[in-house]
Amino acid sequence: MATMNHASQSGLGGKLPGLVKTLAGAVAGATMAFSAALHAAPATSEVNTTDLAVTDDTVTVGILHSVTGTMAISETGSVQAEKLAIEQINAQGGVLGRQIEYIQEDGASDWPTFAEKSRKLLLNDKVATVFGCWTSASRKAVLPVFEQYNGMLYYPTFYEGLEQSPNVIYTGQEATQQILAGIDWVVEEKGAKSFYLLGSDYIWPRTSNKIARKHIDKLGLKVSGEEYYPLGHTQFNSVINKIKLKKPDVIFASVVGGSNVAFYKQLKAAGIDMTDEKPLVLTISVTEDEILGIGGENIDGAYASMKYFQSLTNQNNQEFVKAFKERWGDDIVIGDVTQAAYLGPWLWKAAVEKAGSFDVDKVREASPGIELTTAPEGYVKIHPNHHLWSKTRIGRAKTDGQYEIVYETDELIEPDPFPEGYQ
Amino acid sequence: MSYDGLRSLLPKNDLLGFAVLALLLVVVLPLSLDIFRLNLVGKYLTYAFVALGLVLCWGYGGILSLGQGVFFGLGGYAMAMFLKLEASSPENTAIQSTPGIPDFMDWNQITELPWFWEPFNSLIFTVLAIVIIPSIFAYIIGVAMFKRRVGGVYFAIITQAVAAILTILIIGQQGYTGGVNGITDLRTLKGWDIRTDEAKYAFYFLCVFMLFVCLFIAQYVRKSKLGRLLVAMREMEDRVRFSGYDVSNFKIFVFCLGSAFAAIGGAMFTLQVGFMSPTFVGIVPSIEMVIFCAVGGRLSILGAVYGTLVVNWAKTTFSESFPELWLFAMGALFIAVVMAFPNGLAGLYNKYAAHHVEKLLGKKKGQSPDAKATVGTQGVAHERQ
Amino acid sequence: MFADYSTSELMSIFAMQGFAGLILFSVFVLMALGLAIIFGQMGVINMAHGEFMILGAYITYMTSNVFADYMPALFGSYFFVAMILAFIAAGALGMLVEWAMIRHLYHRPLDTLLATWGLSLILQQLYRTIFGAREVGVSLPDWLMGSIQLTDIVEVPINGIFVMTLAIGISIAIAALMYKSRWGIQVRSVVQNRPMAGAVGINTAKVDRLTFGLGCGIAGVAGSAFTMIGSTGPTSGQLYIVDTFLVVVFGGATSLLGTIASAFTISQAQSTMEFFLSGSMAKVLTLLFVVFILMLRPQGLFSLKMRK
Amino acid sequence: MSASNTDFVLAVEGLTVSFDGFKAVNDLSFYVDKDEIRVIVGPNGAGKTTVLDLICGRTKSTEGSIKFRNKELTKMKEHQIVRAGVGRKFQTPSIYGDLTVFENLEISFPRGRSVFGALAFKRDAEVLNRVSEVADMIFLSDLLESRADLLSHGQKQWLEIGMLLIQDPELLMLDEPVAGMSVSERRQTAELLRRITKDRSVIVIEHDMQFVAEIADKVTVLHQGKILAEGSAEEVKADPKVIEVYLGH
């Protein structure tokens, strides 16, 4: 029963996301009834042997992001994506015949609060899985909790790597997946010879730049400067002068948050026209979300290395973007992390159905090899190291706040959270 | 003689207060809460150490520090460094390029344990460091500021800057400090798993015990002549000076004491929560801790504990149900406690409940002068610039 | 680090670095002036200063949208309208806050600090509710973008010049207001002797309210100007608060000249160190330098010696 | 002149202080004998209070020396000056309103003045006796348990005087001790002053010439930071320069 269920459900999962939106709500109800009737949901005792919050009709999951505090800016998109995915899954009949209900907790941009709330979700609410966290610090704070209570976390953000937990599925890219192909591309296509590495001062930019530096060294090219500014720094004129002095071919930027806005505005004001590509700006931290704050005209001409851009033209993505806008408003934009967050519930659904159980151990066992052909970014697959195989794409920022995709790796890139030779 | 009562450390009123708090923390809460909630209470109580220190510094001494997070952080980091070293045994870290050092150092190409980490292999050193390092740091700041009569608003802003500096330093020197992620993934204390429920219970009671130790110290200070001198200084600093006292020494002392309390709280935090991060060092948590103290009543040492518990409990429940409204509630609380209830919970208790309680106890006696002082003072500190 | 460069290149870079320092200086002056008036003249610590700035920024954002939608032809000049509106809105809010909160707390400066911190939390959440958690992008008229090319290498950003002009203009206006106008005399007399000022017929309550409103209004203008160089989001105000306070305290809090001198010292120290060191270290050293000087000279750079 | 310094309790020589160029006290010299009651008079702004501030260390001098029993005070901190034996009462009563009268006096009792001394301070018989002795002297025996801010203005003045007496200073400086007092309080205060000025030198700032004549051994008239006249009350009253300053123009 469980296996049959898996086969048919994942088959449905393969085609439906697009359909649901076009057929809209009326059909959704029918679909639900239909799927429930077709395969009566397996007994709760079968699919839940670990006392999770699963009833005959529902399964409860947790959403844990910051909706207040400084990180709310970034995490809002992820919350929206996760909710959309859950709604779509429910419209298709849910997971193992059960509707997904979610409990949303606020991490309040405060790492211990994340730890506290994750403990609450796992211990008190007994959620089957959690979609959440954004910063590395919040993930590091909740990690021991998930490992201790054996929960499962779907973590959406591109991050520095150096981690591989049995209790986390990393739906964003680890650093090498984002950086190496990006640098290769500017070297090959643009003939870049020298790089200026600039980031906010915390672990992700530092680790990313470390990897970038090693890679640049390997290619026999030059790093002409490496610099970090405190989070929230707003004055970049001095570093811009240094850049003018050093004349690097590429500014490799991993500035985040409010600093981002200040940096690009000041760069532009200082007379560095990014469309001239002298120097060329390659960023790994500016998604469409950030451009909203920066203003398209201020970043026009910069390149970003990501796995997803809203402007991807494949069928999956067009449907995803449409559904997202229908659900959350027309003027909303979708960035890399938002898409990765959207994958979370779908990957979990697929793993649960493959395992035929909500039990975390079984879901974990089932996860490696799970494929998603309906991902907006295209095809993804879970690696045994719990990261995703995905492509790297380079986009060129336009004044309308979107990226024009100029390059895409041919193959999926294997995730390598502990890259040999880059540490 | 009515002074006999004052002479003892705990006059009846205070004894009752201590007993009720002890009953609540030692019996009622552990019996009525599951381990998750109890652990949360334990976490809140670690902030109560800071609030308690602020009662002495701010309520009594008139010194408002907006950088108590610095001391909380120093204590917490000292504890975390010890635990991290234990968790980073060569066996545990065999996959690293340099086994035997904390993981974040390995990620940052540090191949040798930095010298200032070495002593933290010793638990005794760590325990001493938790109290002594923050006290020395507070002493340096105190001497620099109070000997030059910097006080009030200036002191508040400078401590705020110190908090900002330390945060940037910790985040920037991630190879040595764990950076923005902090020191995470702490596992054992002398081989004993600190993540089990059993350990959580043990740490909760340790935390309560330490809190009472600090409460008794605070009570002793309050009841000593030093306590009265602080009240006197806040009101008429020049008079104290012209009575032959070196006013700055008293401020330095009380600031160091408050900082030591905060540091003990930080260490208890690390033990119970299992990690330490620079977010506690910064300005925002430091100011939040001031509000815990203000809600409890800035002149009441027991109020500090209740204030901390109440605000945090409200924060947790409120943010579980209405996360987006929480900031409104918190902001309103700040304003209300300043404008409407400057003496906080303790003030409300003294105004509305205290005499009922006394009646219940069948006690008929004028309030001790000390209690009156607490009721009457609006906590309006005299700030000199 | 300079071995590879010709003298003229170096000169140009130093010239540009000088401009960078001046721009930073202007930013500090704009941030600090409003606070200096409120803190220096009234002794009130306004922790919500950053939020008043962000109010100005949001006003600018809305004004730009209105102009873009309804008066695209006049878009080039919207910025001036926005600054005036920002001044009015922030000033009005400031007066409201003074009336509702601050005036009850004049004798308790540390308490104003806590109450205004509470206010800042409320304002942040209010912005988040109204404008969303994300930062908003404020589009600038074309003439404010780009830079003026002085030599091959030396380029000066136009918005930098704009900020500088604004800082100078506002400083002069404030100085004139404080030291030349009748109202300024009233403010200063209230500062020095409140009961006496009241006794000679000055409406001290009104002076207080206007002073507070003026300080907040200037914060609003500063926030409006900062949309050119920084971000506009619910929590962006927090980015400025520590720097702002340090500038004011370092300057000695009582004199506008002190604030300006202090902004100059700190900005030059920071921008020089930023050039020779890495960004984070520069920030730490700047803050340490300021704290160290304050420990040696707690009354700040400039302070009036007064008979106690 | 300076050779005979040792005979004086207080020797002030060439004392000058300027605030941003304004010389509030200008090259001032005077000497106070043992057990002498010296009254300083002068119009407003003459620098009377500033002189007291300079002696007790509240204001730092620009130039000159202040020797108290041959010890230079200008380099000492306030609390050291107090411990050396100088007590000072302020113009407005400065007492601790939140504490009781007893506690006000107890805090002023000269023991346990260091941090740890204060922590270890015990309220023993010596303290209790001394407090009640002083309380008697200042007419406040019945009010020991009252909060100090409930006292009348005159009682507050007395309390502050009591807080000085309990330290048994060798030089007592009183800034307008009877200002704002009722007639009967004034009488009591004069009596109190006469009693407490035995065995110690006293500097009093006062306006009331009748009161001055009653208590003063010697009067110093200050004008614009300088000494205008010095001598007995009678002599000073008769001095034409003094009359000019007070009545002239």
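Note that the chains take the letters A, B, C and D in the order they are written out, and that residue 1 is the start of every chain.
The rule we apply is simple: a residue touches a chain if its C-beta (ideal position, glycine included) is under 8 Å from a C-beta of that chain, and two chains touch if they have at least 3 such contacts.
This structure is a prediction, so every number in the text was calculated from the model and none was measured.
Least step count on the touch graph, chain A to chain D: 2. Of all chains, D has its CA centroid at the greatest distance from the CA centroid of chain A. One simple way to say how far apart two chains are is to compare their mean CA positions; for chain A and chain C this gives 37 Å.
Separating the CA-averaged centres of chain B and chain C is a span of 34 Å.
Mean C-alpha position of chain B lies 43 Å from that of chain D. For the pair chain A and chain B, the distance between C-alpha centroids works out to 38 Å.
Multi-chain contact residues, meaning those touching two or more other chains, occur in chain B at positions 168, 171-172, 324, 327.
For chain C, the set of residues touching two or more other chains reads 125, 128, 280, 283. The set of chain A residues touching two or more other chains comprises 67-68, 201, 228, 230.
Partner chain C is touched in their complex by these residues of chain A: 67-70, 72-73, 75-76, 201, 227-230, 232-235, 237-242, 244-245, 257-262, 265-266, 268-271, 289-298, 401. Only residues 58, 64, 66, 144-145, 148-150, 152-154, 156-158, 160-162, 164-165, 168-169, 171-172, 283, 287, 290-291, 294, 324-325, 327-328, 330-335, 337-339, 342, 380-381, 383, 385 of chain B touch chain C when the two sit together in their complex.
Contact residues of chain A toward chain B in the complex are 67-68, 104-106, 108, 110-113, 115-116, 119-120, 123-124, 135-137, 140-141, 143-144, 148, 162, 201-203, 206-207, 210, 228, 230-231, 418, 423.
For chain B in complex with chain A, the residues that touch the partner chain are 34, 36, 39-40, 43, 95, 97, 103-104, 106-109, 168, 171-172, 174, 179-182, 184-186, 195, 273-275, 277, 279-280, 316, 319-320, 323-324, 326-327. Against chain B, the residues of chain C that register as touching in their complex are 39, 43, 45, 101, 104-105, 107-111, 113-115, 117-122, 124-126, 128-129, 241-242, 245-246, 249, 253, 280-281, 283-284, 287-288, 290-291, 294-295, 298-299.
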